[in-house]
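Paired with subunit B in one complex and with subunit C in the other, subunit A is shared by the two complexes that follow.
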Partner chain A sequence: MAEEKKLFKVKIDNITVEVEPGTTILNAARNIGGEVVPPAMCYYSKLQGSGGKCRTCLVKVTKGSEADPRPMPKLVASCRTTVMDGMEVANITSPEVLEARKGVVEFLLINHPLDCPVCDQAGECDLQDLSYEHGVSGTRYEFKRRTFEKEDIGEHIKLHMTRCILCYRCVFTADQLTEKRQHGILKRGDASEISTYMRASLDQTNFIGNVIDVCPVGALTDRTARFKNRVWFLKPVDAHRDCEDPKCCGKTVLWMRGDEIFRVTARKDKYGEVEGFICDTCRFEKKEVKDWVVEGPRKIARHSVISQGHYVGVHKPQETVAKVMDGRQPKLLMDIHSVSEVNMPQVDLSQLEGPAHSTDFPTNKGVQ
Partner chain B sequence: MQSLTNRATPVDRRPMNLWEKLYLPAIFKGMAITLGHIFKKKATVNYPEETRPFSPVFRGLHILNRDEEGRERCTACGLCAVACPAEAITMEAAERLPGEEHLYREEKYAARYEINMLRCIFCGFCEEACPKQAVYMSETFAPSNYQRQGFIYGKDDLLIAHPQKSITENKK
Partner chain C sequence: MGRKLLLDKAHIEGIRYYDVYRKNGGYAAAEKALKSMSPDQVTEEVKKSGMRGRGGAGFPTGMKWSFLAKPEGVPRYLVCNADESEPGTFKDRYLMEFLPHLLIEGLLISSYALGANTTYIYIRGEYAWIPDILEEAIAEAHKNGFLGKNILGTGFDLEIYVQRGAGAYICGEETALIESLEGKRGLPRIKPPFPAVKGLYQCPTVVNNVETLAAIVPIINIGGDEYVKYGIGKSSGTKLISACGNINKPGVYEIEMNISVEEFIYSDEYCGGIPNGKRLKACIPGGSSVPIVPANLLLTTAKGEKRMMTYESLNDGGFATGTMMGSGGFIVLDEDQCVVRHTLSLARFYHHESCGQCSPCREGTGWMEKVLKNIEHGKGKMSDIDLLWDIQRKIEGNTICPLGDAAAWPVAAAIRHFRDEFEWHVLNPDEAQRRNFGLVHYADPLPVAAAV
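Now for the complex of A and B:
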């Protein structure tokens, strides 16, 4: 007869929750949900061994456990600290934690470039959200920031090492999803960088594209969608297809404009983690509507920039002119495509292999 | 009835006296007022020849700015378009090729940038949203046109002249 498992009682920000022994403080907080969940940049619940790198999830343990009620001497990383029975944790109720988090954000931003206007991740970037919520608007850093050359690691993935915050998520992804990891962290300390040894290509396995989804910043981006459009102009749509790969869940989000699919990603939950990993065929090669079974628009948080300008529940009004005018069509005063050079029907940006270049805009009037 | 303001005066219904019955003095009094206005400062200007000075915060026609070296500042981040309440701004971005560094400031640039002046309400949100100081509103009106086609402003209408090139080179 299986013995009843004893549950640990934990108090996080004065909210009591019962969790199984061995749960981390972060996951206990996620059981409660809402504001008490510490932010996490490196921890990823779907990747084993992740966490403990970025220190954004620091919390204060005000009471160690029922048996030993002394507080922990320092702030602890909640993603790596397991709960004890009777533990009391302060997250947003502790000014010390908020102050420390502010410091951590400042550290993360020391070498992070301010190129959000250029970066494809802008609008869905964890670091952007984190610094907006917890950071200070100015920087005190006066020295040269570390910079790297942009690198194409593989046919579909672009590496901007300058933006990387060294969370190691992509390393764990490659370890746990693919047969052979081709990239890793080279060098040590502040010189460490994500790279492939001897410029190897990452394209040899079918799941490496997931490093794009797990990357909390814009260090790893999708080359097939590079610079094509901003995320807030695209409409996220839930879709699925029967993927031949048994490991691929086939459930994705299509980022569409009209009938063009600009980008395919996995579905992310409210913590920015994917619900299921998808294969590279789904991600990079299925860019047509006929490849997919569209389920409907994806729910996006109201405050997110992605929901900007998307009018929910709007039905296209019926054309009434022809009905009233005995079938005569209204006279069109101007077809916008006759003047506008943007969104030309004959140019399909989503079908380009990589980013668009000046050569892809043949009718450009040669503005210098 | 209680009056809404304290400026209401009751209508004078007394019968007119002799001076008022003469009628002509009132006519001359009115003419004097009219004549006095001839010598006053005119409220109007002769528009195309003369123009009024604009306030420094006037929001007129947009321009796309260049930096000191003449490179386009716009990086097609889309913040102006998402800030635009009239949805007048559209753009398409492209990646800068090697050898185009003298044309564009950042690795990404707006290959196409259009403002539909028929939609624009000149609120200035685009100018405020721009993180690269690329879009500004100048002190000119949008010129009138007989055709709707003339109000779709592309990059060649919006970009300012190259600071290091002569007028004839810029005209090209």
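Now for the complex of A and C:
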């Protein structure tokens, strides 16, 4: 038997966990799971060098280690600080941490457009979740918010820089998954922006679509799915196909309504990280059910807005019409949707270029 | 006259050139170190001198050197931080412009002590004419056998390269400097690992300020034990102070760290007092990022002692009533200066220079500037002052590098000590556009602390 590695004992919010040396505080907390896991907006376990920038995962180290029990003087980014044996960390048990986190959320939101009602990321947005959990309802920011022009940075990807929180995940993705990174950060300070030096140049490689999945906000969205539907109206379905690209894991989530596939993404775990990266062919080109082997519905966290349309374990309300009518059956009761042509089922929304317009629903009288 | 160690020969005509420098005792320390001392002995001497880093943080240099990792077969680097961008600080420029050989000699001795065969001088791009001076001096040193292969026959090799920055304050932060030197965006790295373990090109690296490295020369010349006799206590040696603002004689002064702040401002040897008979209102004694203090707290500490120009005395009272030595950018404000306006210009600077990597600094600095602009231009509200306080509190300590702290401290100190001036601006928006708040009570003697 191989020699057993010495494990480090770490106490996070008074819960002890044993982890391998070299583990970060964040990953140790993820080993425990639940509420003690600090939120992370820029750290991505699958991307090397990510993390440390958004500062939402700040925690307080109340005891450095068994050998050196001094507490660390400042709050530290848990995603980039490795554990020591005997370390004690306070996350939700430290008012200082919660206060600082609230501050960070406020900073992230002061220049965010808060255009969730028209944002495609809404419902699966890390920033939305973070603000619900740690933010405040009002803003103290009274100035004009910073804005940028929207940009098409490739055939399939839309960049909405105004929404960006500069987590650098997409930069790392392009560095580590594609042959050559075509985009990066330009300018500095609060004028910094993600961009390509030459417009529309993010098409050269087959893996750049993953920047959409790693983006925690709606800054990078899928142009083949933009404005087609809200995520909570769609049914996520696990599916796979034999992809020709050896680097692509082929395991995806299809976002469907009826038989239409609106969007294909990689499978995300409970921390919003993909389980495996997928190629652009799977993501953008395969929008027919026949392309895929469907495995079954994807499990979505019960509290997520995405599962609001999925009635699991809910009692169906009983038919009460007969009861209130003293046992008589109603004379006329029909499902209007089965006979109405208003929605025009023959128009396949997912096959349209761009958002649907009235011109896509022709009537006898011409355009409505 | 205070004793001098660095600028004692600065007045000699032609000291910029090798021949004159050599004739006046130059490179004697280098000969002494390389020929008669081992690298560890040099480090030991620097440790004994107790010299603290002159770049701002004041960390003991000898200690920093001893942290350098020394794995086999991995090159080590020494980087000279000449990215002097702190508003109010211009001492390194003076040193490099007039005594380039002093810096090169210091670099040679330090590189020898650290075992670095390649040394970089990272100089800010705005000092456009200084790289030429340095490169000329490096060429002269080469010609005379103090650089290159097998220096003085000791077998020690050293090359010094001058690299220009492209105009970013953040590149004065050591890890951002290293990134920039590697040719990348100047973004601070997340520590650990510290540069002493993984710095330039992932190799052990020491980054020191220009003045620190130049001061190695007198330390070797007179010995660490003698160096400690300059200054008071842990503030050993001499310090270059760049004095500016409302004083009669602005400029770079070398002080022995045993004089009082009052003497420094009013004596004819140094600043020569405040012009036009005006009175002292406030001072930032260590470069723009250290806390501003009003006149009464500047001249005496909260305990009622005379405040001295030393690291400890300036820091006496912590942030509540003290300030910091910083990089020695001594900015004096007389009674006609407006602290709100002054704080605004500092906030504007930090907003402009924030690198944008981590969120508190990127978003917070801009927010502070906008709020301060409102207050300064008569559109402020009372709640804005508390808001400012809250913003700075949430930036400080929560960022990757100290730029966040540097942006937060001036605002915090201005509100802490000059809150009534801010309130006056809010309450009298029209009057605040026409006149300044004036000196009011800022120079009044402090209430004597009750004996405990």
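To be clear about the criterion, the second predicted complex is superposed on the first by the 320 of 368 C-alpha atoms of A that agree within 3 Å, B and C clash if a C-alpha of one lies under 4 Å from a C-alpha of the other, contacts with A are read in each partner's own complex, and residues count from 1 in each chain.
Criterion: a residue touches a chain if its C-beta (ideal position, glycine included) is under 8 Å from a C-beta of that chain, and two chains touch if they have at least 3 such contacts.
Note that the structure is predicted; figures quoted are calculated from it, not measured.
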{"item": "Subunit B versus subunit C as contact partner of A:K5, first or second or both or neither", "value": "neither"}
{"item": "Subunit B versus subunit C as contact partner of A:K270, first or second or both or neither", "value": "neither"}
{"item": "Partner chain in contact with A:R302 - subunit B first, subunit C second, else both or neither", "value": "neither"}
{"item": "Which of subunit B and subunit C A:L349 touches, first, second, both or neither", "value": "first"}
{"item": "Which superposed partner A:L108 touches (first subunit B, second subunit C, both, neither)", "value": "second"}
{"item": "Parts of subunit C lying in touch with subunit A, wherever the complex brings them together", "value": "168, 170, 185, 190, 351-360, 362-367, 370, 387, 390, 393-394, 397-400"}
{"item": "Subunit C-facing residues of subunit A, complex", "value": "51-55, 58, 74-75, 77, 80, 99-100, 103-104, 106-108, 110-111, 140-141, 143, 165-166, 185, 187-192"}
{"item": "Complex contact set, residues of subunit A against subunit B", "value": "115-118, 122, 150, 226-230, 232-233, 305, 308-309, 333-334, 336, 338-343, 349, 354-361, 364-365, 367-368"}
{"item": "Subunit A-facing residues of subunit B, complex", "value": "75-79, 81-82, 87, 90-95, 97, 100, 103, 106-108, 111-112, 114, 131-132, 147-149, 152, 154-156, 159, 162, 172"}
